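So that you can tell them apart, the chains are marked A, B, C and D in the order they are listed, and the count of residues begins at 1 in each.
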Amino acid sequence: MTNIREVRKESEFLLDVRELKTYFHTFKGVVKAVDGVSFSLKRGDILGVVGESGCGKSVTGFSVLRLIDSPGRIEGGEIIFEGDSLLKKSEREMEKIRGNKISMIFQDPMTSLNPVYTIKKQICETLELHGGLRGKEAHNRAVELLRLVGIPSPESRVNYYPHQFSGGMRQRVIIAISLATSPSLIIADEPTTALDVTVQAQLMKRLYQLVKSNNSSMILITHDLSLVSGVSDNIIVMYCGRVIEKGSSESVISMPAHPYTVGLLESIPKMTGERKMLHQISGMVPNPFEMPPGCSFYPRCELGQKICEAEYPRLREIEEGHYVSCHFAGRRNF
Amino acid sequence: MAGEDLLLDVRNMTKKFPLARTGIFEKIKYVNAVKNFSVSIKRKEIFGLVGESGCGKSTAARTIIRLYEPDEGKIIYDGTDISRFAEKELRPYRKKMQMVFQNPYSSLNPRHTVKEIVTQPIMFHKLAKNRSEAEEKAMYYLDKVGVLRSQVDRYPHQFSGGQRQRISIARALAVAPDFIIADEPVSALDVSIQAQILNLLLDLREEFSLSFMFIAHDLAVVRHVSDRVGIMYLGCLVEYGPYSRIFENPLHPYTKTLLSAVPVLGKRSMESVVLSGEVPSAPTEDFTGCVFAHRCIRHTEQCLKQTPVLKEIESEHFIACWSADK
Amino acid sequence: MMDNKSLISKIIKSEGLYNFKRNPFAIAGALIILVFLFTAIFGPHMVSQNPYDLAQLDLNDSYKPPIWQEGSDPRFILGTDDQGRDMVSAIVYGVRMSVTIGFCVTIICMIAGTTLGLISGYKGGRLDSFIMGLVNVQLSFPSLLIAMLVLIAFGRGVWKIILALAFSGWVTYARTVRGTTMSEKSKEYVEAAKVIGFPERVILFKHILPNVMTPVIVIATLQIGTVILSEATLSFLGIGIPITEPSLGLLVAQGYIVLFSGLWWVSVFPGLVLMLLVVGMNLLGDFLRDEFNPRLK
Amino acid sequence: MLFYVIKRFIQMIIVIAIVATIVFIFVNMLGDPAVLLLPPEASPEELAKARAAMGLDSSPWEQYKLFVVNVIHGDLGNSFVFREPAMKLIFERMPATLEIVVLAMFIAALIAIPLGVYVGAHPNTFASRSILSLSLLCISMPTFWFGIVLILVFSVQLGWLPSSGRGDVVIVWGMRLSFLTWDGIKHLILPAITLAVQQLATQLRLTRAGMMEVLRQDYIKFAKAKGVSPHDVLYGHALKNALIPVITVYGLEFGGLVVFATITETIFAWPGMGKLLIDSINISDRPVIIAYLMLASMLFVVINFIVDILYTVVDPRIDLR
């Protein structure tokens, strides 16, 4: 029995998401926020989930933790974490996983901490729930965690309330909370978007080091391709609730195959080299209630042909580990 | 840099804001939101202003366009000092200087239709003989920014962020200004839409011979559009010059760290040197010394005591730093 | 401005109407209000007697119970009081009085409070401190006490009670509108209007006012109910409207006097009607509040 | 903090001074008490004599000055009717009023807060909808009418509970209290319920609204992501935030209830200060009205102050300056 478990735990993938579907049933109709997303994550790896607002990247993150509020619902698919299916677990079992084995970092540090409790109380809550630490022990660990994320004089700051911290400091506290139990997976949803560029660089570096030294894995959800390219091992690019391209960071960034990824990369102003007119993807993201029947990128696509309008292209491997969902990808050089 | 092509000349502009009182007997203290701000913008030029949040770049913009009253200094627009003008006297300048705002969701009045939003300024400044002509003009500008004629009777909430930003630009264009302040016009937008708006702004500059003051926190965006760039830190302009010099050869220690913090596409960035600590709040009015000194690795006694002034280090490249001489 | 066609299509397509149609409570509230408004306007012309014309009253008709009880008179469905007054007629006239007072007070409060709140929030400074000082002092006292104070000084009367209730009711609008105005004021569309050069008056009334009206409408709907109840309470205490033109509250008070001589219906029915009226207002108000609350969206 | 207390204290004195002046002016506009107190056939001389006895013969300004001096000395004059100090009359009746008010607040809070939390957390269950509808009925119900219905049902029809008076009282430290005897408690029940019902509904709805708003905040979702159980999210994370507005209103409503008690006291012939006020209004007993209004104002001002202080205890974000 134990043997089998150990063998399963030794499996290559920490997290394996297959054909995940999360829909929102609103008064205007059904929004397929996540529509058949599959990806897998190896132990110790960092996966970047990239896409523009409304593409379903955050919903994917929340779905893994099963934290989808009504009117949203996970409609199908499979989430295998450490060999177990998360969708089959009871709410009670999920509580033991959340914040313990899988923790999450939220986007907005200003609103993610409870304003009426001290930092200490909020860190100790996690320690008590999942580590069984109490009193002095928990206090010491909380101080240690704050020091670890780079908060100066943590002994006194541990008794502060959230409003006494700046945004960057709060985000450090949130990182401290998510690392408190040495989770095997951290889902970071735009962890530095709300912060200034110098603070973002410090924080990202710290987070990266901590994740690596912990031997944790991380899903980094962001709209910032440059940020992702600097941190993650693999990248998935999402558009309208679907994965349109995935592969190793190098291959996706240097040899993008999907016209959307190509357009996205070319529309980012560069920090070096000659300035030239930015490439722009014309039009905009389709209305979620009026999705085109075939490829969702077809209305904006320069390569679009008849088949794109009718048929959604399946993900296919164009080189090892690099998948694209486009009928014409790989047939042209960019 | 003098000459006829100088459009806007801001000299030593300072804007203070009061702090809340902390005791009964204490005097009200002021912070310098913007201190000794000097900048000049030529016709058809785009001046990029960069800084982290709270550095005073928005305050500087709002003071220049006279949403705020400056406490010190001059704002010379096309040869006239407008820094002390009352609202009535300002009115003719209101149609020469316009502004595009950051948040596309709050910069358009939710109770007015798009047509109204663009027609109102034309009517108010009597740039058309009658309402129908004003509306025709409004349509012209809306068309220029890419809003369809069939959409003009809608309300702002029916548009996406990028489209709203286009409407916002059309409203600014409607009074035929020479100078537009764009306060973080693309920072709320997605990358693909951001490119559309940046391209639009560059096209409009050519077509209408506009000057811009372009404010952003995204260095890459500023680099992409600006002719000259200024870097702000805690209310002070610490460095400015042509974009190529700023980005290829930054001289001020703050500019250097700022540039090193920007993630670069395809580069493993986790090894770069970064600045420790966070941006402190703006100093009070009696502060002297360099605002950056406490976070600067090279700071000396002098930096803590004396306020550095902008100096021309090489042609058209200015920095405010004591260590620049050494 | 906004042409009717686009307004109507906007309403029909709105999420608000969709939610309204799916919310039986809101529909019930709206229906109740419509029925009461109809009663208030046309009711007095439809009932059999004017209960305050003494010539139409007959003491022989007094003490008649409602028709389902023994000894009733088919002319008086809900019975009569100790003076032979038909309860149905009395209630219809009472509804007219209560509804009139409710609407008058609310409209006065709405206009006064919104204007003061708008100016206070936009101008800031000393004027704002003064108005808000006034508001805070008034808010720290129960509004009923303030109305009592005014009525003690000026005595009974329909207009007096309207003024007394308006005097204590404008503060809610002023405070809310001030808050909304301050948040609207800092929004960029107001800055844009300033940059265009619009004078303050135009910015205040054409740009900001339409954006602060949503909470005002919600408060107004809920306030009509509160006002009607306050008026009833004051009248019940004998310091509200004069006995010659009773409202529903005063009818209950008159019923209370004869309660122990067995005439339970004289106080129970006006009270029930009063409750129904206020329930209608609150149902609709609740719906609007939830619908317009941006923090619940 | 000290700065804040001093500032508030000065504000309180100013408010009370303004209220005193307004009360004085308003009450002086009332009818001539001499006419009301003496028989209709009284001669002008008799009226003049009565006015002089009541101190009404001097100019309004003189009367006001005298009033201010007396207020500072804690003397609000003698009742025209009872010929006793007005303050003494009110203080005698205050315990009776406070008794029903405190009991009503207690009943209300005890039921409203748990129910409000439940309804806010589970807005779509049948029970929640029923509770909410019931609370709507309660706030729409005229208090006095509810009292009458209670009397009809429990006193007249069923004969279980008495409809008027205080019943047997026990004197503790000079205060007459009802709740220490069985008979007293029986007399207390109906007035307290009458007074509590609207309060209960208001607090329930407020707690619900607070809960619903708080439950949408990011920090609630973050707590869930930390693995906190639904029960602890509700009572540990959400409730404290949701109660912040409830506490403010709780204090203010206490003042409201003291005033609202006038109605309950009138219906149940409960000998409290509210009934004294209504009786005094009907016979223009000026000093008693003034004393009541002054005392009530002071009470409210003090309550507001306490609420503000309490606020900082619950909400660390509020920095009193």
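Keep in mind that, in the parts below, a residue touches a chain if its C-beta (ideal position, glycine included) is under 8 Å from a C-beta of that chain, and two chains touch if they have at least 3 such contacts.
Quantities reported herein were computed from a predicted structural model and do not represent experimental measurements.
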item: Chain nearest the global centroid, as defined over all protein CA atoms shown; value: C
item: Between B-C and C-D, the pair with more C-beta contacts; value: C-D
item: Subunit A and subunit C, separation of their C-alpha mean positions in angstrom; value: 52
item: Whole-Å separation of chain centres (CA-atom averages), subunit C against subunit D; value: 23
item: Mean-CA-position distance for subunit D and subunit B (Å); value: 55
item: Intercentroid distance (Cα basis), subunit C paired with subunit B, Å; value: 50
item: Of subunit C, residues touching subunit D in the complex; value: 25, 137, 139-142, 144-145, 148-150, 152-155, 225, 229, 232-233, 236-239, 249, 252-253, 255-256, 259-260, 264, 267-268, 271, 274-275, 278-279, 281-283, 286, 295-296
item: Interfacial residue positions of subunit A with respect to subunit D in the complex; value: 65, 67, 69, 91, 95-100, 103-104, 106, 108, 111-117, 125-126, 129-130, 161, 163, 174, 177
item: Contact set on subunit B toward subunit A in their complex; value: 52-53, 160, 162-163, 190-196, 198-199, 202, 217-221, 223-224, 247, 257-270, 272, 274-276, 278-279
item: Footprint of subunit C on subunit B - complex, ascending; value: 62, 65, 67, 87, 90-91, 94-95, 97-99, 101-103, 106-113, 116, 120-121, 124-125, 153, 155, 168, 171, 175
item: Subunit C - residues contacting subunit B, complex; value: 1-2, 6, 10, 187-189, 191-199, 207, 210-211
